[in-house]
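Next up, some structures in structure tokens.
Each of the two complexes below includes chain A, the first together with chain B, the second together with chain C.
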Partner chain A sequence: MFLEDFVVRAVVAGLGVALVGGPLGCFIVWRRMAYFGDTMAHAALLGVALGLLLHVPTSGAIVLVGVALAGMMTLLLRQGRWGSDTLLGIFSHTALALGLVALSLMETVRVDLMGYLFGDILAVTPENLMWVWGGGIIVLAVLVVLWRPMLSATVHADLAAAEGVPVQAMQFALMLLIAVVVAAAMNIVGILLVTSLLVIPAAAARPFVSTPGHMAVVASGIGSMAVVGGILASVQWDTPTGPSIVVTAFSLFMASLLIGAARRSR
Partner chain B sequence: MMSIPAPIDTPSLIETPPLIEAPPLIEAQAVSLSRDGTLLLDSIDLSLSDREIVTIVGPNGAGKTTLLRVLMGLDAPNSGRVRRRPGLRLGYVPQRLHVDPILPLTVDAFLGLSGNRDKAATQAALVQVGMDSHAKSQVCRLSGGELQRVVLARALLRRPHLLLLDEPTQGVDVGGMAELYRLIGEIRRDRGCAVLMVSHDLHVVMGATDRVVCLNRHVCCTGHPHDVSRDPRYQSLFGREVAGQVAVYTHHHDHVHGPDGQCVVPDKGDENRDRA
Partner chain C sequence: MSFDLLRAAVQDWASHGVLPASLTYGFMVNALLSALIIGPVLGGLGTLVVTKRMAFFSEAVGHAALTGVAIGILVGEPYTGPYGSLFGFCLLFALLVNYLRNRTGLASETLIGVFLSISLALGGSLLLVLATRINIHILENVLFGSVLTVDDGDLTVLLAVAVPAAALTVPLFNRLLAASFNPSLALVRGVQVKALDYLFVVVITVVTVASVKIIGAVLVGALLVIPAAAARVLARSLSGFVALSVAFSSLASLAGILLPVELDLPVPSGGAIILIAGMIFFAAALSRLALGRGQP
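What follows is the complex of A and B.
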């Protein structure tokens, strides 16, 4: 039963997300952007509603809404009147609420709300697969090309700027990449859980590595283990797939804590 | 117009005086900057020549860091202009650099972020700042003084014409301070770069600089440390007592070192004797 078509498609799609989620998740963890990632994910529901309303591909609409939101928050943050946690608190929940309201207004369209919120990886279509792997490869390529300036801007923005790195552009690029990955990963774990697939593997990778590049690779590996383990567990015990993946990722994180502690005490 | 002198990257034995006709490395003309209605910089004029060590001193909130940022082009002034010599390479050592432990970063990888991955140059920069045994250390485990030296090494990897240091001795103990100023003087001598630094350690830095700019939103006074320390405007800004100590200290060092600034801080033995 593990080799049925829909299981194979689910694993292939999940691996695509895990692969790109490694390096991207590292940047989110390094820059303390986990809550920002959540906000982008919540905005995805508004993107879905807009896509259905305007009859455009939902993935594209999600990216557009995410970028618009990121731009707006950057502008408000620059005014310095509110802390980033306040702005994120406002926009994260407003985006989710707006999406729910917009979807409820579209009486003619029936949407699988639970599927959007918690993912429906076992219903992944070949078209979804194309989006995941196509988007994933583009994001990975951009990350490889921008690796040094983006890392430099992460370590110290002013120092990077003094060395000629376009810091603002790097931040915007990172937001754009997060939007793309959220759009691609939404089917797999859903918008409420998608950042966990970025944040948990990166955090779990930390005890095993000593350089940023190494952390990105190990995070991809741990994400892949979480995806495969979670899907197999959900097929075996008939549990919801998205949450099963997150729980698997969390157990890997706990294991990394124990291994890290054991290493330190040696 | 005469040609711009090439940057000196190799140690040079002959101290070449700055050419009169050479344009300044960097020049601020009537630079003013205000934020939210508060005037932070008021009509600042400042210029730096090749191989010059200039120190900006001033009380908290005097706009020292802001001035550095404007000179580097990180902030734009509201009025006035900043002219940088075409092709000018800057090396920047920011005030406080904190690397989160969640980011695994060896000293080597940190230096690689400068864009200069040349192994020999990296090794040479680490040797110069005395951190060559820490190449594989995690940046987040370094002490304040060690981290400051590593950041300095990264700035050197840019092969800068001008080094900008924002309170380089913050979080460094007194012995480390004198050592750091000695190192900055050595770097100027070996690499031929100019240095612009912001400092709080008035009494220590006075012996380590060619020129002092006393800043309190506007330039209060500027000149040779010996003269500035006796300037009434300087004394009123820092209080007579503090300023007086400075005057005694610099006077002492004027006897030990020539005015050319070749040796900017006495060696460690002298320093310890002075402190006793």
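What follows is the complex of A and C.
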């Protein structure tokens, strides 16, 4: 029963997300962008609504919404009038509400809202797989190429700027990469939970690593364990897939928290 | 209950055409009353949430309500109002996150993100499983709010939470603000920064949880942020900031509840309320940008 087509597809797709999610999640944790990731994910519902309205592929619409969100954040943050968390609170909820209202007004389309919100293992089609791995390879390639400047912009923005690293552009690139991963992973874990695949493994990796590159690899590993464990558990006990993956990731996180605490007290 | 008198009066005005005709329905009056409680309280507290940069925290507390409801239904509380487990779980969640904030070596943003995810995942999966057994719409109502089922019990809970919350926050407002602007100075002046911090966490938690039924677990954090952010753009003084925030939040809740019914649109109340609040924010931001970059 574990070798059914749809299970294999879901695992392959989930592994794709977990592999990219490792390094990307590390940047999110280092740069304290967890709320931004969450906002990007919430805004994906608006992308879904736009995709259905304009008859364009959902993943494309989500990336577009992500680009708009990243642009508006950059623009409004420069005003210096609001804290970034306030702006994110506004964008994440307004975009979600807009998507929700638009979806409920579309009488001709019956959408599986819960499938979008919490993920649907059956919805992983071969086309999704293409998106996940295609998008994943692009994101990984960009991360590899930009690894050094992104890292130095994260560690010490002023120093990096003095060395000629375009700090603002790096921040913007990171936002776009998050949008792409959200769009690719949305079907598997769902809009509400997609950032957990980025944040939780990276947070869990922290006690075990000594260098940034090492942390990225360990995070990918923990993410893969969570994906495989979660999907198998969901097939075994007939629980929703997305939440099962997150619960698995969370138990790995708690284990890592305890191990970290035990090490510190020694 | 005393709500009967109030309801009868409003229904009477509505039937005479003084108020919108939809208010002849009892449940609409209930919804209206709840909006009149939620709006001012969330708007007023929102000024502190925005100043203290607790937007992500308040969103996480709202999301925790999902698990609270799920546990309530599991242990056999009525699924229209599982307040025992709702308050119990959310308070536990909020206090735990606040306690762990500076103790794990993780940035508080990351920690909140992790706990927000797990409460959504647990609550979502429990409710998805339970909903197929009881009523498929439960989950949607919990996530995005539903005004149609607000009864006297819900109104009583709202009042019982809102009145003490306001009574506690108003006299402590200046001290709470001072503690957020400059904690060390406030500490020197004898302000109990830590105790105030926990008190504030408890207040926003209970108020958020009591509003979940109307606005929904996913969107409830928004009324603590958006009206206050809009007010901050326009206000020229602290009192103006609070007053505008209260006004915006009340306007959004009232319009969000009445408009969909008046226009006969199948939109969840939470979605409508937050969308209107968002429009107010963007109108405020645009007008400020258009009027030049003068100091607020």
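By definition in this document, the second predicted complex is superposed on the first by the 263 of 266 C-alpha atoms of A that agree within 3 Å, B and C clash if a C-alpha of one lies under 4 Å from a C-alpha of the other, contacts with A are read in each partner's own complex, and residues count from 1 in each chain.
Just so it is clear, contacts are C-beta pairs under 8 Å (C-beta built on N, C-alpha and C of every residue); 3 or more make two chains touch, one makes a residue touch a chain.
Since the model is a prediction, treat every value here as computed from it, not as a measurement.
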Subject >> Fit or clash - chain C, chain B, common chain A >> reply: fit
**OP:** Scan A:Leu257 for contacts with chain B and chain C and give back first, second, both or neither.
**Re:** second
Original post:
If you stack the two complexes on chain A, which partner ends up touching A:Ala162: first (chain B), second (chain C), both, or neither?
Top reply: first
Original post:
Which of the two, chain B or chain C, is in touch with more residues of chain A?
Top reply: C
**OP:** With the two complexes superposed on chain A, say which partner A:Thr154 touches: chain B (first), chain C (second), both, or neither.
**Re:** first
**OP:** State whether A:Arg206 touches chain B only (first), chain C only (second), both chains, or neither.
**Re:** both
Original post:
Thinking of the overlay built on chain A, is A:Met215 touched by chain B (first), by chain C (second), by both, or by neither?
Top reply: first
Original post:
Is A:Val29 touching the first partner chain B, the second partner chain C, both, or neither of them?
Top reply: both
**OP:** Check the superposed model and tell me the shortest C-alpha distance between chain B and chain C, rounded to whole Å.
**Re:** 6
Subject >> Common ground on chain A, meaning residues reached by chain C in one complex and by chain B in the other >> reply: 29, 32, 203, 206
Subject >> In the complex, chain A residues that touch chain B >> reply: 29-30, 32, 148, 151-152, 154-156, 158-163, 203, 206, 209-212, 214-215
Original post:
In the complex formed with chain A, which residues of chain B make contact?
Top reply: 69, 72, 74, 90, 92, 94, 97, 99-100, 102-106, 109-110, 112-115, 138, 151, 154, 158, 164
**OP:** Sort out for me which residues of chain A touch chain C in the complex.
**Re:** 29, 32-35, 37-38, 76, 81-83, 85-90, 92-94, 96-98, 100-101, 104-105, 113-114, 117-118, 192-193, 195-196, 199-200, 202-203, 206, 239-240, 242-244, 246-247, 249-250, 253, 257, 260
Subject >> List of chain C residues in touch with chain A within their complex >> reply: 50, 53-56, 58-59, 104-107, 109-114, 116-118, 120-122, 124-125, 128-129, 139-140, 143-144, 218-219, 221-222, 224-226, 228-229, 232-233, 265-268, 270-275, 277-278, 281, 285, 296
